[in-house]
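The first chain written gets the first letter, and so on, giving A, B, C and D; residue counts start at 1 in each chain.
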Amino acid sequence: MVRPPRSLLLALALLPLSAAADRPLSVVAPWEITGADPSTAGYVYARMRVAETLVDTDADGQPAPGLAGSWQPGDDGLTWRFALRDDVTFHDGSPLTAQAAATSLQHAQAKPGMLDSAPIAAIEAEGDEVVIRLDSPFAPLPALLAHSSTLVLAPGAFDDEGRVTKVIGTGPYRVKSVAPPQRLEVERFDDYWGEAPAIDSASYLAVGRGETRALMAESGDADVVFTLEPASRARLARDDRLTLHAEPLPRTIVLKVNAEHPLLEDERARQALSLAIDRGGIAAGLLRNPEAAAAELFPASLGPWHLGLDAGEAQDLERARELLAELGWQANGSGVLERNGEPFELTLRTFSDRPELPLVATALQDQWREIGVALEVAVGNASEIPSGHRDGSLELGLMARNYGLVPDPLGTLLDDFGTDPEAMGGDWGAMGWRDDDLASWLDTLRQEADSAARGELAGRVAHRLNEAMPVVPVAWYQQTAAVDAELEGFSIDPLERSYRIDELRWGE
Amino acid sequence: MSVALASRATPRWTAGLGGLLLQRLFQAGLVAWMVGTLTFVLTRSLPGDMAYRIAAGRYGHDMVNTSAAEAVRTELALDQPALGAYFGWLWDLVQFDLGRSLVSGEPVMAELWHQLGHSLGLAAMAVLLSLLLGPPLGLIAGLKPNGWLDRVSEVAASVLRALPPFAVGLLLILIFSVSLGWLPAAGHGRGAHGVLPALTLALALAAISSRVARNAMADVSQSAYYAFSRTKGLNERLSFLRHGLRNAAVPVVAYLGVQFVYLIEGVMVVETLFAWPGIGHALVHAIVARDVPMIQGTALVMGLMFVALNTVVDLLCHWLDPRRRI
Amino acid sequence: MTTLTLHATRRWLPALSPRQGLGAVLLALLLAFAWLVPWLFDADPARQQMTRILQLPSLAEPLGTDHLGRSLLARLAAAVQLSFGMALLSVASAAIPGVILGVMAGWRGGWLDRVLGSLADACLALPGLLLVLLLVAIAPGNFWALYVGISLVLWIEYFRVVRARTRILVASPQLEASRLLGFGPLALFRRHLWPELAPQVLTLAAFGAASAILAMAALGFVSVGLRPPTAELGLMMIELLPYYHEAPWAMAQPILVLFVLVLSLNLLAGRDPR
Amino acid sequence: MSVYLLQAEDLSIQGEGVTIAPFSCALEAGGRLTLLGETGSGKSLIAQAIMGSLPRGLVARGRLLIDGERFAAADGRSRRALWGRRLALLPQEPWHALDPTMRAVAQVAESHRHVAGRDRRAAHRAAWADLTELGLATAGSKLPGELSGGMAQRVAFAAASAGGAPIVIADEPTKGLDAPRRDAVVELLARTPERGGALVTITHDIDVARRLGGEVVILRQGRVVERGPARQVLTHPQSEYGQRLLEAEPGRWPRPAPLGERQAAVVSARGLAKARGGRELFRDLSLAVSPGEIVGVVGPSGCGKSTLGDMLLGMTPADNGDIHRAVDHRFGFQKLYQDPPAAFSPHWRLSRLLDDLVRRHRLDRAAIGPLMARLGLDDHLLARRPGEISGGELQRFAILRVLLLEPCFLFADEPTSRLDPITQRQTLELLVELARERRCGVMLVSHDPALIERICDRRIALGDGRLREVEPELDPALA
């Protein structure tokens, strides 16, 4: 593969820096590469800056121009026009045209992904613009186009059945080699439209165990390690060869409650369960991060959606016992509540892809035992929660819901609660619960463009969810990273969209 | 007085080989059928909705939802009747077509080749290391039964048997990569990456093989022929090499075949701990994600690999111990 | 000489050697620890104190607390009870069929020997790990199914050892003489076969028990078969693994208990009679 | 250089439960010394003391002079350099002393190569030459497992003497061999002194001592009872023990009381035939054993003596011919074994084994006491395990065990071939008396024709495929 002469001069010019530049960067994170298709492994290629989306996000997580320079909805809100940049080339040298972007998005829409939650009628290319026609107005559309399942790939990346055979994106790095499920190697793409990255090549390694990731950071095998176990964070902080970074994430550990279940249909029962949770103990003892205690669904980083409630007040065992007594529950001999012969017994489903979930479940088990609730914890596969929602067999589900999948939480909320009062709730949202006010507020938010009005509506939605507790918040997440002290310019993307490795450089 | 070379009463080591290989071939066929059927029946009776599980495997736990599950169900036609699917699979098996993985869409054989290659490399290095560590220590301990070395190696074997592989692995990482920095902690790529995982496996295997070697050597060193080899004039070294080693090697090599049972379990843990792209690690994900063709393919290949390894062990025993050829 | 030899073993097992005596004492101490602790300390293995996690062993908490502030003493005792029970089940479900089939194959020989032999070879080729993973998936959270699954592969070791020994003994004059004297198969097994097989079978049992518990730990390591809040030796090792740097003594306890178990069963098995 | 090849001065051995009184001897070139005594008399310990290979826990004292070089008996290690070169030991039971996984010729060649120092090809040729000379040309490339006792003995001898050691010590060279092979081994051993070497032989067989000649030393419980030239010691022994030892030779046993008239046979067979491994053992053999009668079967090893006995007991099927047994007695057909410890489970005390028998057949315990007294077994033996009592006592215990079931037929398969002469005589006399008293038919198998001739009522000789009814008055020359 002969390198074009222009980049040869460029390489010569950077010769003195090349010694530092060509030291490879090794990135380690827990998530495996399941394939080449953006719908299944798009997040790795986005984070390693191999492929990009039409819409990008700025420092505080709001939508910003990406491959699309600018966009605006039509006056009826049904047709959106995205004007593409004209100086972008794919890794295989072909230019980024509106037609290429449209075909890539059409492939993405055919597969399960973020575009399913928008009422998209058609995606076409007109001149140098991508035109998306909707069946009904949908304000957060640009936010959806920032999701990694909508990465724009070159036509050459797809085979005739629409399967992605080779990831040909537009990012600052190009795929050098990929060995699923663990290893991806990328190298600098010289004809990148944006600012050329300082580091020449980088590698991504998926390491499942937290202990191993921490040890790789300590032994210098990995330059950047993401998602550190709470236990090893304290140790790494003391290591002077590493700098530790932590950013709150819009991901919350929540309890999905089946509001049709005879024991849980009354709001007071749900409130009682929430009041019995020692959120401070879980955050400090298990997650080793006291601020992670979540009295409400949305963290501070989500602006208007955040109510600012104090986690300490959210715990009140006496109030919880009173509420349950009001509902007619008395303690039987073995300390478990009973009502006309039926014990207060529930099964909670969780999964171990995120190692802290079974721990939090065990903590809840003991804390609810204090108020007489017998909880059976079943650690299984993540898919058991949506399948339990569908066949109604789910009673309680402990999960980590990401309200920042796209820059605007509305996208996720529409999925989780819905706007049609008759069919509210979603796989990862409410179950068997309805609230006409909430449905109408969400519906107006869908069309409302003015930010002040959206802010006021967001506050009302947050308050109602906090009272009705269809989904009980427990703790917020933090993205942590241990970085080699010699690296400069590292920062954490609060929406976990990119590792920002193109902004890194080796210090002198 | 010319010495006519007497007719070979004890045939060269290749005698009786045909029968042994035929028997192993038959066993391979039996294993292939048993493994296939058993995994088929077991995977069919797994609880939980397969479509959801495969969707979770593909799209990650954030994105799995009912629409994804339905898409997977239609795509893979999961509602096929059981018997039809079984014979279909059997027919494919006969043509050595293991089908495609439901999660990654790659042909199973390609995935297995990549992962099996790594696991086999790791297992081979582990067995080699264990043979360097275990039997020599066991043989020396066996020369002087109930000596201090014998007691120490027995307690050490019990310790290594009680230590879980991940504890041993962590200890090795702490020593060799964090504090000494000689070896990379995890991952794969260069040869050096495989040393620590292989050593972790080797220690567990060496614990057992050293005790087997010790017992074998204890028998040999107290036998009449060992004493006679000394009294007829051979020095200690020659007696050990010509008579001690070979007779003690037979049970040790025979035990190798059984050791692979422990190896597979150890490989699963070590591959997860050291992020090694092997078959144990892939098998766990395949079962969790209900990737049936992958499960069947892995089980089949592991079974046949096992039969192959046992055949090699049998050949080695056949060569080492002439008594088997009569 | 230990005074703990049970009468039942007197009739079945020849007297214990000093080495076996030490093993029996160690085992008895471990079992006493497991069954006396809940009786002496009324600590509940599942009670958590979020404010007092990973405390060093102190007078109040003789073995310290784990990552959820639970008393390690109570959990370890409960774990030993549960794990011993299941290791015993796993070893028995491997040893009993293994020994019976081994004796039958060794004694009868001929076609039965060949059939059982090829069955054993085929079972050995089954990846044991896969069976256990599938069994765990079929009966999630059910420890008993898991332990029996583990023994599906282990029975072959007993089978092979017993068959080899039985073949030699059946051809020896001692059995022929006893048969002429009118002793039935059971008496022959009890007087001639079992004392010869016992040391080897018990050694395999010792390693079998350890490998059953370690298999549980291996499965827990890849987060399969977890069932909070039950305390099980193998799973305790996994729960305390992330805190190996912060509280190494916590993770060391289940491993130490397993080591004492392996060593005592090993000593109890006695020296090989050869 | 003194004329003696081997000299021992006040050689004594101490250790747990073993004391050997000081013993001296001197062997010049061509000299022969035979240590004669029963098991436990310490004769093999003296040989091991000379070699320097005493087991741990036993200490030798005194001095040794080998080829003019002086050694302290206690320091065994110093004599290791002489092994194979100056001192050769022919071990007991040579079929165990050969490496089971190495061919016979290789085990001889390695002595030539590593002890005698020849190069590989020369050693190989020398080994084949030795084997051919010993008549083992065909057995050279066989494994020890495929060799007979006699062949193994000769291979061991070739391996031991390949180093050219002038002094050869043979430890029980004839144990377990039948008469013809025993004579061949004696002749083989005699070569060393004839070629100017020295031979020390350890045996319990008086006949072997007589044939070897030279000096004979009789040992009992570690003390020398009598010593002198073979002709004088083995014909007119002075010591009382020497005489008892001589009396133990079958030729001098008193004849048992005559049988009297024969009653109905307990077991009879007609037209028996059996072949093994393609070779026919015997054809159309008929015999009958009546109560109290002792029928002797003699023949070379491997001629099917044991197979015939097993057929009469019904444990081995006959190729053709039929066997008729006294039907009324289910457990009446018993067997005595050649190696007593092998017939017992080594893990249990004898008292427990007896209890099992009594409980199994609901016998009355009163019968045991007198029978034990009759067999010369005292009660404290019951508290021991089979491995912890002597071979003679264990064989008598086996007789006790069998007689408790009042058998009508007993097949004794070389019951005393591993016992010492005196115990052998004592055991067989007891067996014959009890068989007569209890009207129990006995078939006695032995490879010692003299023994069979002396105590059996009728004799059967197997061997060349035909049954020969031998005349009652067997010619002693054949002994």
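The rule is simple: contacts are C-beta pairs under 8 Å (C-beta built on N, C-alpha and C of every residue); 3 or more make two chains touch, one makes a residue touch a chain.
Predicted model only: the values in this text are computed from it and were never measured.
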{"item": "Farthest-lying chain, centroid of Cα atoms versus that of chain B", "value": "D"}
{"item": "Selected pair, greater C-beta contact count between A-B and A-C", "value": "A-B"}
{"item": "Distance-to-centre winner among chains (Cα means, whole assembly as reference)", "value": "B"}
{"item": "Centroid spacing, where centroids are CA-atom means, of chain A and chain C in whole angstrom", "value": "45"}
{"item": "Geometric centre distance via CA averages, chain B-chain A, whole Å", "value": "40"}
{"item": "Where chain C and chain D are represented by their mean Cα positions, the distance between them in whole Å", "value": "47"}
{"item": "Approximate Å spacing (C-alpha centroids) for the pair chain A, chain D", "value": "88"}
{"item": "In chain B, residues with contacts to at least two other chains", "value": "170, 272-273, 288"}
{"item": "Per-residue multi-chain contacts in chain C, two or more chains", "value": "140, 241, 244"}
{"item": "Chain D: positions in contact with at least two other chains", "value": "none"}
{"item": "Contacting chain pairs - touch in the sense defined above", "value": "A-B, A-C, B-C, B-D, C-D"}
{"item": "Touching residues (chain side chain D, partner chain C) in the complex", "value": "313, 315, 330-331, 333-335, 337, 339, 342-345, 347-348, 353, 356-357, 360-361, 398, 401-402, 405"}
{"item": "In the complex with chain C, residue positions of chain B that touch it", "value": "23, 26-27, 30-31, 34-35, 38-39, 42-43, 45-47, 154-155, 158-159, 161-167, 170, 208, 215, 218-219, 257-258, 261-262, 264-266, 268-269, 272-273, 280-281, 283-284, 287-288, 295, 298-299, 302-304, 306-307, 310"}
{"item": "Chain C residues within the chain D interface of the complex", "value": "14, 172-174, 176-178, 180-183, 187, 191-192, 195-196"}
{"item": "Touching residues on chain D, where the partner in the complex is chain B", "value": "51, 53, 80, 83-85, 88-89, 91-93, 96-103, 110-111, 114-115, 125, 128-129, 132, 137-143, 145-146, 156, 159-160, 162-163"}
{"item": "Partner chain C, residues of chain A touching it in the complex", "value": "210-211, 229-232, 234-235, 278, 280-282, 284-286, 352, 355, 358-359, 361-363, 365-367, 369, 377-380"}
